[in-house]
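Have a look at the structure that comes next, please.
The chains carry the letters A, B and C, assigned in the order they are written, with residues numbered from 1 in each.
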Amino acid sequence: MRTEPTTPGARSRGDLGTIVLCVLFVALGIWMLAGSMAMSPLGAVFPRVIAGVMIASALAILALRALGRASPPAAVETGSTPRRLLLCLALVAWAGLMPRLGFFTTSIVGFLAVLAIAEYDRWTPKRTAAYVAAALAMVGGFYLLFVEVLLVPVPRGVLF
Amino acid sequence: MIRKTPFLAAPLVAATLGAAIAATPALAFPDKDVDYIIPFSPGGESDIAARLQQPVFADEYDHQLIVKYQAGAGGAQAWSQLNSMPADGHTIMGINLPHVILQPMMSSPGYETADLTPVYWFHYTPDAIIVKADSQFQTLEDLVTFAEANPGLVTFSGSGSNSANSLAKSRFDALAGVTTTYVPFSGTGPSVTALLGDQVTASWGYSTVAAAQGDQVRMLAVASEERLPLFPDVPTFQELGYDMTGGAYRGVAVPKDTPEETRQAVSDAFQAMNNQPAMRKAMDDGAFVVIDVPYSDMESFMSERRAEIEEAAKASN
Amino acid sequence: MDLLQYLAQALTPFNLLLAFGGVLLGTLIGALPGLSATMAVAVLVPFTFAMPPASGLIALGAIYTGAIYGGAFAAILVNTPGTPSAIATTFDGFPMAKRGDGNLAVTLATLASVVGGIVGALALLFLSPPLSKVALAFGPPEYFWLAIFGLTLISALSQGDTLKGILGASFGLFLATVGVAVVGGDVRYTLDQPMLVGGFDVIAALIGLYCIPVVIDLVARPDPHLKVSVQAGGYRLAEALRLCVANWFNLVRSSVIGTVVGILPGAGGSIASLVSYSEARRSSRHPERFGKGEPGGILATESANNATVGGGFIPTLVLGIPGTPPDAVILGALLVQGIRTGPGLFTGQGDIVFTFIFGLLIATILMLPTGLFVGRYAYQAIVSIPKAVLVPTVAFLTIIGSFAIHNSITDVYTMLGLGLIGWILARYGFQPSPIVLGVILGPIAEQGFVQAWLIGNAQGNVLGMFFGRPISLAIAALAALTLFYPVLMDTLKARRARRADGAKKEPIDAD
């Protein structure tokens, strides 16, 4: 199917990801075309053109790969993948819980959670105290700025 | 703290100073600052209206109207959330017609018209046909004659599809028996720009547009019941034989759990603001038409508008 | 002379204080992602009612220009364009900051903003009535071609893999179609979710696509966010000035582009900076350096976006048509104060208008000391704050900032959702910039196209609408030039290289 990459590990993973993404884009394009059938002629012009370009360019990438003329692989990712995934989880939870628990509470908890994920040094009592103080200062400061000065109606939730 | 800062010296407050205010609400409204949510971006007509009301409100009650913006989806974003807001009368939201009837009719914006609780309608901006000052069309009749002779050739710019402007276009086309082309733009600004740049023949807009553009444009007819004080020479559609009145109405709504007495109190407050001579004058100067539809008249007003809008929407399909 | 008298009125201590305070506040607000110039101006409007009209306008204008400038900080130091105007500033600003030239980048942005702001304000002062005609000369087909011109930048932004750039842009264009179509009123691709009826917000998409991947990658490694250059501290003002002098033509051209694009209602700072970036890159002797920390890129984008401030006021004051969203707010404030804009404004209320324009000019000049001062602290804060505190602070700002756009949690979900998608896409070589370009330019291209088609169809001349108008043709030609120029140059270079035997090819970096 495709030529064997020179650096097997990273390259084949990058290739596989690109192929999966391109297949997904083709599917998205087909879904767009299907959805455009129900639209008025003027409303359908652009979605159809975009879908066409999307499908064509995704197929072109796949074809080039099949011919062995793949573009240089994306930069190989280094560092801690578990931390990356934890951070994604933390952000999703932060945004998801905000309307229910309230803006201030969620933000303090979220801030400390992300802080813990980003921390590489050892936790000493002094450092922990400094970080908690930083979290309170940052969240509190911006809370006051947004709510009192800029009049942003933040979600209150059950706590606050 | 900003919200505690009293308003000073805006010209129209100066004019109202000393005007005795009899309306003292018996109920606890307002007993603190009132959040006034505008479901559009700042700078539009709804915002300007709120900004005019702000000082009058502060003057009459010892509390502020705090204007907050929650724009999105032509207002639908805010209206779909109205009922989940605090229902003590201290959170009120701007509400617009024909938007709140048209949107649920055309798509699923996340609310139904019946979910909303308007308590007062304070003004409307009548639909109007506007041409450039140097246009060949001096009167509405000129334009209609030309449109009859050249079906489809007359282009109208307007703000948005399924909007007050596009509705007015279909209503008028049906009344005059002509075919014209409606070109939707992403707002009043771009629509007027297209008119001034000679991209289109004429524009469907509001009387306020003609007021803002001054002598760059000429209003051929206006959909108010009487001629506007600012434009004594511009005929109404009715005078010219087209039974067309209306436009974009603006009012306030409250969350549905708001108690009856509080709804009435909010209605009374807006009534009192509308009664201020300075407010009337500011509205006249901007070519807004002041109306007073209090909470008690809400049901009949809404069903009349609904019938009107449904008919026009049918005509456009 | 009258003008000097207005200048004197603008120079009262009270007005100077307002200009200074406005710039400072605007810069701080603009530096926070999600807080736009529109919001900054809207919040301050009620305070100006208590001031004389000209002073109120000076305060609003100063905040506005400061906020546009402040967007550069976040763009350079954390790769997050605080406002759409600053998107193109990330292209070269963040690479510069990463390699240790963050302070130089901030100083360059400050100088460029001041130059652009002054050019825009001078155009407003002297050329308003004739330039306002530009706004009117741009009809739907011109906007369509302008958007297409912007899209040709994709080939420049996706070095190494144009196909992936095109695919990314079509994904961005798709995102832009979601929701109720302005033209036609179709409800598209909302999956029956009321949340999606309004479509994806551009700023939320921007914060998500640019900032979330940065935050995610920050936690993966313990080394600091930005490199700090040991030998070059301070403002590096002399170095920045030298670069400005060397790039003087770029600065002037970008400022003029910014002024003209600012005049167009419906275009705005993002397009102005993208167009001037594209032009700077195309005419540079080293186009391959753009996107990797080329000072010329920052100079182009920052001078262009601040020039839109003065440019945008031209149609606002002359025609009563707001050139940009913050102008709409200021126009509303004028109306509430009982001032009617339009052709009569300059003659009838010249004292207010000219005092205001001088105030804007003074505010722009005050941006130099204010900006250098704020910039220095912003830079020091970003490099000295422990990474473990920086990451949650940026994350917190993305969340509250995207919430504040419309005071709606929907935008937070948009931001985060697109951010995660953008991170995955970036891992496989799909850059965020083409996607963002699609999101921003899609609606302009589509509306222009459909409106032009409707008008052309009514007149029985659709082809003439798209290809028979001089401005359209000029923009279309520029688009073609941008698209094919690199290919052309490469062909020429290759031919020359073949002739001169041992020449080696420029390495392609798929960063």
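The rule is short, and it goes like this: a contact is a pair of C-beta atoms (placed from the backbone, for glycine too) under 8 Å apart; a residue touches a chain by one contact, two chains touch by 3 or more.
Note that the structure is predicted; figures quoted are calculated from it, not measured.
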Among line, ring, star, complete and other, the chain touch graph is complete
Of A-B and B-C, the pair joined by more C-beta contact pairs is B-C
Taking the mean of all protein C-alpha atoms as the centre, the chain whose own C-alpha mean lies closest is C
Note: chain C sits from chain A at a C-alpha centroid distance in Å of 23
When centres are defined as mean Cα positions, the distance from chain A to chain B in whole Å is 40
So, in whole Å, the Cα centroid of chain B is separated from that of chain C by 32
By the touch definition above, chain B meets two or more other chains at residues 68, 70
Touching at least 2 other chains, the residues of chain C are 181, 183-185, 407, 454
Residues of chain A that touch at least two other chains are 149, 151-153
Seen from chain A, its contact residues with chain C in the complex are 14, 17-18, 21-22, 25, 28-29, 32, 35, 39-40, 42-47, 50-51, 53-54, 57-58, 60-61, 64, 71-75, 77-81, 83-84, 86-88, 91-92, 94-95, 98-99, 103, 107, 110-115, 117-121, 131, 134-135, 138-139, 142, 146, 149-155
In the complex, the residues of chain C that touch chain A are 35, 39, 43, 160-161, 163-164, 166-167, 170-171, 173-174, 177, 181, 183-186, 188-189, 212, 215-222, 387-393, 395-397, 399-400, 403-404, 407, 409, 412-413, 416, 419-420, 423-430, 442, 445-446, 449-450, 453-454, 508, 510-511
In their shared complex, chain B is touched by residues of chain A numbered 148-149, 151-153
Listed in rising order, chain C residues that touch chain B in their complex are 38, 41-42, 45-47, 49-50, 135-140, 179-185, 187, 192, 194-195, 197-199, 201, 265-266, 315, 319-322, 325, 327-333, 335-338, 340-344, 406-408, 410, 443, 447, 451, 454-455, 457-459
Listed in rising order, the residues of chain B that touch chain A in the complex are 1-3, 35, 37, 66, 68, 70
